[in-house]
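Letters A, B, C and D name the chains as they come in the text, with residue numbers starting at 1 for each one.
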Amino acid sequence: MIDKIVRDTADAVSGIFDGATIMISGFGEAGSPVELIHALIDHGARELTVVSNNTGSGHVGLAALIENRQVRKMICSFPRTTNSKVFPELYHKGDIELELVPQGSLAERIRAGGAGIPAFYTPASVNTPLAEGKETRVFNGQTFVLEHAIRADFSLVKCHKADRHGNLVYNKTARNFGPIMCTAAETAIVQAREVVPLGAIDPEVVVTPGIFVGRVVEVRNPADESKLVAEDRRYPW
Amino acid sequence: MVNGDNKTGWDVQQMAQKVAMDIPDGAYVNLGIGIPEMVSGLVPEGREVIYHTENGLLGMGPVPPTGAEDPELINAGKKCVTAIPGASYFHHADSFTMIRGRHIDICVLGALQVSETGDLANWSTGEPSAIPAVGGAMDLVAGVKTIYVISKYLTKTGAPKIVKQCTYPLTGKGVVDRIYTDLAVLDVTVRGLQVRELAPGISFEYLQQNTEAKLIR
Amino acid sequence: MIDKIVRDTADAVSGIFDGATIMISGFGEAGSPVELIHALIDHGARELTVVSNNTGSGHVGLAALIENRQVRKMICSFPRTTNSKVFPELYHKGDIELELVPQGSLAERIRAGGAGIPAFYTPASVNTPLAEGKETRVFNGQTFVLEHAIRADFSLVKCHKADRHGNLVYNKTARNFGPIMCTAAETAIVQAREVVPLGAIDPEVVVTPGIFVGRVVEVRNPADESKLVAEDRRYPW
Amino acid sequence: MVNGDNKTGWDVQQMAQKVAMDIPDGAYVNLGIGIPEMVSGLVPEGREVIYHTENGLLGMGPVPPTGAEDPELINAGKKCVTAIPGASYFHHADSFTMIRGRHIDICVLGALQVSETGDLANWSTGEPSAIPAVGGAMDLVAGVKTIYVISKYLTKTGAPKIVKQCTYPLTGKGVVDRIYTDLAVLDVTVRGLQVRELAPGISFEYLQQNTEAKLIR
């Protein structure tokens, strides 16, 4: 029987190893799997490469993971946010590496990683510093840059509802990077607001088919990251 | 030309059963058109196997009862099927993300020829009069983790289908992992085709006499 | 005001010009926009390049379009079906051109066309006759073949429900090539079983966002192609 | 250094209004973070404009009333928004399919510098101390059919933002179509920057004195 539901977030992140590449869903706080990230802090894996659009806010979630010195390198499109303090400080000290990628190229590289496409051409970043050192090629008179797929050992993803097969639906703009990150990881680890019985999600509206998901943990009342930041909470609490 | 009589071998049902026995609980499986489709009905009790059909369904169920067919719910062979609880529908690019991205565990395909190094030819005899049609076979062999072939050991005219080198146009090179035939089950290994199991009454020598491919006991 | 609904199928296919490239949705009969194809036969545009997974059955729909000598070239993965008679005959006479593409490469080329990706690498067809003459490249020790995007002037697509913005949902495995074909055409022309009021389709379950759709026509009781074939019907009737 | 006083020019609201007037009925529009966001509230009566936000929403509506915010319904600037009837949610790869695939009609962006040939610099001042952050800007300028820039004519210190050649790192080369400033509206043409409209009290000569870019009457 297929049952991808695990008991708690500690079980969910078990087996994440030092040096792993981890994709983390979310655009700002929307879709950020705060509880899974906190479990990864408790778990303690280090020297991680993290692929995520931002670098977290305040001292919780992704920012706390970085602050706990578990991240060697960030691959992202926008490492600043209104309340980002941790990443800028480490970056200026030279204590964390940054690979800056245009947001659409980041999304497409992740999608390619999940789809078995090793590389593709895109018009974004041509003639800019972000294309320096990258191969370019002309198609129909226009110049494109070659971008390579990104894959991860694990993805940490937040969704709205899940079933035991790992079928997922998301909530509004919290969907963002979740679906493509599930496809691009050896093991996609998902926190769901609600685990529902098999068959409760209409096959027509499944956003992430279960084949892309390794483990699901129910987190009924996930943290509202911006509230934690406003209260200046820090993880570990 | 050799004796193609295979009364002593397994019938198609038994071949499909052997494949079904080798599909573990929880596997994601794509079944090719024809004989491979039989496998889905033969999964041992207690195993949950999820069938993918490349035209956009994960969680394909059995053929519906007569009268309950929906022409918009079909499999890759364009036959009416059903969807199990936990199924999902998706478009073709997402479907081949599953295939090309190595998310499908096992694909079971038919064959015209299989070589001793696991090359597969199953889409064209290369005859100029034939209309070439490839479908999803090339994507499947390039992307699915394990490729099983299910096929008679010999053609209807008694010619070998297990060959040293394919003479028909390839579907993929070095892609086949295991071959289920009516006479034996063979594993593709770096040293040659390892005979995993012989059908009742079939000798290793008989198998070897009917192919130029290198067989290993 | 945005209102993409047109009055009838004749209006829907207006402006399709001789020599146009047309994508036609469907996998066999599932998702095939039979009424739009018949309107295109009445319309009469010729020398078309048609991108579709198959070549139609019997003497209706896509097969009738080919039989009416409006198609110069087919780009498809599987030009044979149980009841395909028209294409084989013309093909053997040398009266129609065929570009055979592996099904996954066909889907990905269409998706790339819609996504502004001019070309990508794929493992499918490497070391086979279908990769002959195509550029190959090694990534991480594995050989891939370069495939180019396909775009179309028009797509003809069948869906289940649509609204006036062009938001679409599909029915079961009739979804197949529809969503990607909508993205890859200058003008996507859609026949819907039902046109519903704006807001009637939940934003979470929209499969094709309206931005990809040019025109929508309601066809309430679309033909069951296999029945027409069984009755040996021919279009024009 | 020139006089940066722009009391005689348009204010930010008026600049945004000019942009809004130039967005036709039925357009699909992406608005950058900051001043461009103002445009959505200024669409003339009778026009239906659909806003795309790259974090996965087509059909973005106005800011919700206090207390009705949903932290999972935000725009690219990470502010809470709403969804209009006819909206749709999608993932990031699909969102950038809309952008890169030339499906969005107009994108309105801020600028650090715009050159006379339409080069745009709006993501980094290139200072070593700054943390580079690009977001979706490079994809937007590469993929959206028409790029409007909305920006003051001069920096806070009175330095030109309309330049012969950008000194800051580029977002895209030759991508800008029109520039809405507090002093004038300019079109990027092959012959130079065509002054489309002057703000009250602003002369062509004043504009030209404050840029080395070639302006055309």
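The rule is simple: a residue touches a chain if its C-beta (ideal position, glycine included) is under 8 Å from a C-beta of that chain, and two chains touch if they have at least 3 such contacts.
Remember, it's a predicted structure, so these values are computed and weren't measured experimentally.
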* Structure fact -> More Cb-Cb contact pairs, comparing A-B against B-C, go to B-C
* With chain centres taken as the means of their Cα atoms, state the distance from subunit A to subunit B in Å. => 36
* Asked: Distance from the CA centroid of subunit A to that of subunit D, rounded to the nearest Å?
  -> 29
* Asked: When the centre of a chain is set as the mean of its C-alpha atoms, what distance in Å lies between subunit B and subunit D?
  -> 55
* **Multi-chain contact sites of subunit C, meaning residues that touch two or more partners** => 108, 111, 115-117, 122-123, 170-172, 203-204
* Asked: Using the touch rule from the top of the page, what residues of subunit B touch 2 or more other chains?
  -> 57, 83, 89-90, 93, 96, 99-100, 142-143
* **All chain pairs that touch each other** => A-B, A-C, A-D, B-C, C-D
* **In the complex with subunit C, residue positions of subunit A that touch it** => 108, 112, 115-123, 137, 139-140, 142, 144, 148, 169-172, 203-205
* subunit D contact footprint on subunit A (complex, rising order) -> 27-31, 77-82, 87-88, 91-92, 98, 100-108, 110-111, 122-130, 170-180, 207, 224-226
* Asked: Contact residues on subunit B for subunit A in the complex?
  -> 25-26, 28, 46, 48, 50, 52, 57-59, 83, 85-90, 93-94, 96-104, 142-143
* Can you name the residues of subunit A that touch subunit B in the complex? -> 1-2, 111, 113-117, 163-165, 167, 183, 198-199, 203-204, 206, 209-212
* Asked: subunit C touches which residues of subunit B in the complex?
  -> 53-57, 70-75, 78, 83, 89-93, 95-96, 99-100, 129, 131-139, 142-143, 169-173
